[in-house]
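Below you will find the structure I want to go over with you.
Just so it is clear, A, B, C, D, E, F, G, H, I, J, K and L label the chains in written order, and each chain counts residues from 1 on its own.
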Amino acid sequence: PEAAEIQHLTQQLLDYEVKRDWINYSKLCHPSITGFEPQGHGHMIKGLEFQRFYFETTTTTPHKTLIMDPQVTMLSPESAVIAYVRICQKADTATNTIYSIHSNESRVWKRIAGSWLNIHYHKSNTTKVATP
Amino acid sequence: PEAAEIQHLTQQLLDYEVKRDWINYSKLCHPSITGFEPQGHGHMIKGLEFQRFYFETTTTTPHKTLIMDPQVTMLSPESAVIAYVRICQKADTATNTIYSIHSNESRVWKRIAGSWLNIHYHKSNTTKVATP
Amino acid sequence: PEAAEIQHLTQQLLDYEVKRDWINYSKLCHPSITGFEPQGHGHMIKGLEFQRFYFETTTTTPHKTLIMDPQVTMLSPESAVIAYVRICQKADTATNTIYSIHSNESRVWKRIAGSWLNIHYHKSNTTKVATP
Amino acid sequence: PEAAEIQHLTQQLLDYEVKRDWINYSKLCHPSITGFEPQGHGHMIKGLEFQRFYFETTTTTPHKTLIMDPQVTMLSPESAVIAYVRICQKADTATNTIYSIHSNESRVWKRIAGSWLNIHYHKSNTTKVATP
Amino acid sequence: PEAAEIQHLTQQLLDYEVKRDWINYSKLCHPSITGFEPQGHGHMIKGLEFQRFYFETTTTTPHKTLIMDPQVTMLSPESAVIAYVRICQKADTATNTIYSIHSNESRVWKRIAGSWLNIHYHKSNTTKVATP
Amino acid sequence: PEAAEIQHLTQQLLDYEVKRDWINYSKLCHPSITGFEPQGHGHMIKGLEFQRFYFETTTTTPHKTLIMDPQVTMLSPESAVIAYVRICQKADTATNTIYSIHSNESRVWKRIAGSWLNIHYHKSNTTKVATP
Amino acid sequence: PEAAEIQHLTQQLLDYEVKRDWINYSKLCHPSITGFEPQGHGHMIKGLEFQRFYFETTTTTPHKTLIMDPQVTMLSPESAVIAYVRICQKADTATNTIYSIHSNESRVWKRIAGSWLNIHYHKSNTTKVATP
Amino acid sequence: PEAAEIQHLTQQLLDYEVKRDWINYSKLCHPSITGFEPQGHGHMIKGLEFQRFYFETTTTTPHKTLIMDPQVTMLSPESAVIAYVRICQKADTATNTIYSIHSNESRVWKRIAGSWLNIHYHKSNTTKVATP
Amino acid sequence: PEAAEIQHLTQQLLDYEVKRDWINYSKLCHPSITGFEPQGHGHMIKGLEFQRFYFETTTTTPHKTLIMDPQVTMLSPESAVIAYVRICQKADTATNTIYSIHSNESRVWKRIAGSWLNIHYHKSNTTKVATP
Amino acid sequence: PEAAEIQHLTQQLLDYEVKRDWINYSKLCHPSITGFEPQGHGHMIKGLEFQRFYFETTTTTPHKTLIMDPQVTMLSPESAVIAYVRICQKADTATNTIYSIHSNESRVWKRIAGSWLNIHYHKSNTTKVATP
Amino acid sequence: PEAAEIQHLTQQLLDYEVKRDWINYSKLCHPSITGFEPQGHGHMIKGLEFQRFYFETTTTTPHKTLIMDPQVTMLSPESAVIAYVRICQKADTATNTIYSIHSNESRVWKRIAGSWLNIHYHKSNTTKVATP
Amino acid sequence: PEAAEIQHLTQQLLDYEVKRDWINYSKLCHPSITGFEPQGHGHMIKGLEFQRFYFETTTTTPHKTLIMDPQVTMLSPESAVIAYVRICQKADTATNTIYSIHSNESRVWKRIAGSWLNIHYHKSNTTKVATP
């Protein structure tokens, strides 16, 4: 059940990102969150300011985010790690093209004062394919 | 005769995809269909949600789908596999160009309650050529 | 004289293609024509449907088709093979550019009921050069 | 249980390939096996002669073959399809390098006279990574 | 039956090439044979001297030549055209690698004084794949 | 202090990898360890078999492994996550060249029966630079 | 405290650059400032004229500048060096894309007549990543 | 005079590197030296361990190191920064080739207890040219 | 004097090409002119039809044609060969860019009935440079 | 003082080029000026016609030309050579981008009838960098 | 007949080049021969010294030179131009590979004191194909 | 005559370089010679030390240096500039290959105490072609 909750929270987090819903997205993140991602150029991102820029300067487009092969490991009653393959389908209606964007993600969650918060993430192996 | 029916159903399936006819397309697919295709980035696609995104966000353009060198093998009276070369001709009227798109496809069909359903597919080797 | 006729028919066939004149083009082709060409991605094209798509979806543009170094061999009074270099000059008036497109072609002709029909073709080595 | 048997047979098939054990490998294949694979250049391979050349002209090297995310679907009591990710680890002892080779595979099995035989395969998306 | 003979002669021709057996190879070719092939750089090869250089300066290596999807058309009782996909498997025992080499070929045959002779060929679309 | 222990264990783990010391390396890993790394081609590695192949088929060469900017977060008294930049210096004495290999790593540790075990890892962004 | 001041001044300098505020930017620079940067093509830039051109001919766009891993070393009470990773996030609202631009910077500061002035800089390793 | 001393010490430092003289090289460096260089992949190198690996695992080859366009700025009587272009000429006697390797360097020096020590460096823009 | 005339006629020929003056251009060419040029893809161009297509389908743009290092050799009182470097300067006013286009040309002239006619040309080594 | 004059005249020459001021530019050049530059494709440019085309067909855009590291050598009271690094900063206001264009230049000046004239130039190593 | 002689002399010239027979090769060339060829980098080669270097420093290897589509034009009784496609077949016996090397050549001949001498040549469009 | 002497001295200088004759080469150079060349990576080379490294660490190989299209301008009785195209032919006897290496060079000469000395050089546009 807790594993299911972790997976559910992760799916919510990604959906808030798609919808550019900063209020709910940021509620699921620890203020001291750390992470590795391609936009960090090999450096660890610390805190929420980096992500916030995305929500503030770009808008949502029609797309869907899939979590594939999720693997949840409970580390303690108050902590867990989830690893999964993420595939985003994105439609460019102007050119009638679908893009499929793939990455590998690990997310570490910690329950603080009853709320699960994402405290570390690692996103890698981002590749992109277009319909021919 | 059953082999001919399998080939006919496969042709229908591809034509529904061209016409973006989701209702008929999805009737020919098992809800638990699995598949490998370039958009899956090496991961198996499970279920129909992935395909549905294509039908909902892009529109049809003038093109024709050819099945070449089809090979149907009846595995039992209620199951079959068809393998073939697929070539799509697509016209870009804006640039007066024809694209020819090639792939290899295998599709496994199973008859359930009298209806043949596509239960697995494998699409690979997608290449594209334009008229010079 | 028959060699000259074969060359003349071949020139006509290419000119009908340039003018997008399907009625006359298809009259010169055997309904079971086979062929190799870049758009076939290594597979043999069978029948006229493949070519027809070109005539129906694109329009003609100012260009000229040259047959260079033609070599006609009469195989019997009713059959012949012609091999030649084909160079198409194509003008893109928007960019004031001329494209020269080269290929090697072999075409096999057979006289059936008094009419010469193209029954096999092989087109390869397509390269393109633009005026600098 | 039959699903497990199919997976077991698939693992055996791949291991015989690694060991270059043609006698056991060919016993698991239908003489009319068909397949798509990169070495076919987009054409369907038919029969066992194509594979046999590999066994006869190359030798085995230290490596391991992993089946990941296998998905077995029983099509009838006598037929099944298995789809999986295949990763081969190969050691080049001369350069002290490990290669990891990835592909997607689907294999269709049919039981004939009590023996399961591989009757169709589709192998795609072959990529290779070396230890840096 | 004649179609079968044409296919058989074509297979022989390719096998003589593999074995570097010039005497038998040249007996199957018309002295005025013409052809297009990649080594001609877009120009028509005329006569047998061009091929002979290959037989005289290179030696045979273990490989196998497959004719796939052959299509024979009798043009008259004394002439025929065969078109097919050719795949050569070649083993490089030094590096323990298999190469698979693909091309499209059309060959025109004419019976002269009772013997079938290859009078024109067109070889294109040569691609090469190595085992990873 | 526990953060320091986590960092110390991580350094040990990497050093055992350099020394190809499988016995000690595997003692620090949970048998059900999961991970993402370039050799997985986007798929999650499960269990220790994958790593073991490296230890068994390659040998150690002179190099040094640095942990830079480590960030340890205690998730509970029995679980932690460490994220860091890893730089390996590797000498190729034959060519008198130094290679510097960079990656980003996250490792999740869990204390089971008093022993800290690595239960998940994520390695990405591997780049390589040679001395000019 | 002085280290903090140096870091604060560096952040100000970068923010003035983002805002294209030449008056304040130039007040923080020594008139004889020297520097290496990609726009210098390997040559040392001397004086402020080179930078001024940027402020005068381009305008500001929505972006944010992060200083990561700053390292301040006081060289004397009146001089210091700061080294850090700089990541700029830049939004291209036309294409709904975020660019993340990375560089390494070292800046040498000297206090003259009570004011800290940047007297040398070195900027390198500029890489750019776009959201996929 | 002090500027000249700084330049002289810098030349010495580079010559010790060429000669692989670790004892003298390390005497000129502060134990807490920091630096950016290509081998750091965008991360700051801290301390002397990183450099030491070079001295221990590679040997010297015939080459010469030039300091071009040096610019020394005294920051205080006890601190200075030098910036210059560095060109290394390296001979590969096996291939009878000369390599010319270019980089931009800034080095910050501090006098501690009477001895000048290099406390920060920044090396960038490394390019390599061979004699044709 | 005749050498000067040949050079003068060559310059005229090139100027007529720039001005798209077909009437005067064709008066300077032998009706059976032959030539090699990039647009011929390695085949010899015969006659004037090929060039005429350029004059009829494109228009002139501001540019200048230079003959550099001309070398005229009188072969007989009625025949000559001129070889030279040709550089065309072409202005693209839309992008405020100048293109410089280089080629090597040899032209053979023959006096027939008192008029010098260009009877063979060879144009090669076409390269293009834009102002940065 | 003469060295200063040579440098001043060189700066003027480059500024006239930026401003497209042909009258003053050409007054500083010897009518028989020779030069090597990328637009010459390896051939020596002779005379002023080549440059004039630039002035007549393109217009000025906001940019600045820097002379770096100038080295003037008086060859006689009436002749001198100047060598320097030239960096042009060019603003593309449409895309809000700055381009920095680098080249190496040598210019030989000769005083004739009291006026210094540029009689030879050599421009090379042109590279271009854009703001990221 | 003279056309045949010109073609014969051209074939001899090429054969002497293959055999590295300088004495006979140079007898067929005018001492002031001019030419364009790839090794001239766009500059005209003048005299025989350039070619002689080839004969003196390299040795012959098994190969054959074909003249295809020759076109001879008599310019006067004492002068002629020949244009043709040249294909060289070259065997690399070490790798068991055949190379086919293509170029376009024009050669101008002049009879002086009864002997035909090559006085100008233009060689271009050199491409190379290896057996796969 | 002086122009001829300048050209002769230049040819000598290049020949001494080929023969690796440092004593005579350095006698023809001013000790304060300056120059631009590819090995300088855009920086001016000053003095003779840079060249000397070439003479000391590499050996001569069979090659020839041609001066093409030389242009000598006397700047005063005691100074001159020569500009020319330089083509080096170099034989690699191991691979039976000829390399032709091209560059543009300007050299400024000054007569001091009766001896002509090279006081500045500019070498650019180095390209290399191998016999196919």
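As a convention for this text, a contact is a pair of C-beta atoms (placed from the backbone, for glycine too) under 8 Å apart; a residue touches a chain by one contact, two chains touch by 3 or more.
The model shown is predicted, which means the values in this text are computed figures rather than measured ones.
Steps from subunit H to subunit I, minimised over paths through touching chains, total 3. Taking the mean of C-alpha positions as each chain's centre, the chain lying farthest from the centre of subunit A is K.
Both copies, subunit D and subunit E, contribute mostly unmatched positions to the interface they share, with under half of the numbers common to the two. With centres defined as mean CA coordinates, subunit K is found 43 Å away from subunit J.
Per-chain Cα centroids separate subunit B from subunit K by 57 Å. Inter-chain spacing, taken between the CA centroids of subunit G and subunit H, is 24 Å. Counting partner chains per residue, subunit J has residues 38, 41-43, 69, 85, 102, 127 touching two or more of them.
The set of touching chain pairs reads A-B, A-F, A-G, A-H, B-C, B-D, B-F, C-D, C-E, C-I, D-E, D-F, E-I, E-K, F-H, G-H, G-J, G-L, H-L, I-J, I-K, J-K, J-L, K-L, using the touch definition from the header. Those residues of subunit E that touch subunit K in the shared complex are 38-41, 43, 46, 49-50, 53-54, 57-59, 61, 99, 101, 126, 128.
Taken in their complex, subunit D has these residues touching subunit B: 34, 36, 38, 42-44, 46, 69, 71, 73, 75-79, 81, 83, 85, 102, 104, 106, 108, 110, 119-120, 122, 124-125, 127. By the touch rule above, subunit C contacts subunit D in their complex via residues 41-43. Residues 62, 64, 66, 68-69, 85, 87, 89, 91, 93, 96-98, 100, 102, 127, 129, 131-132 of subunit E touch subunit D in their complex.
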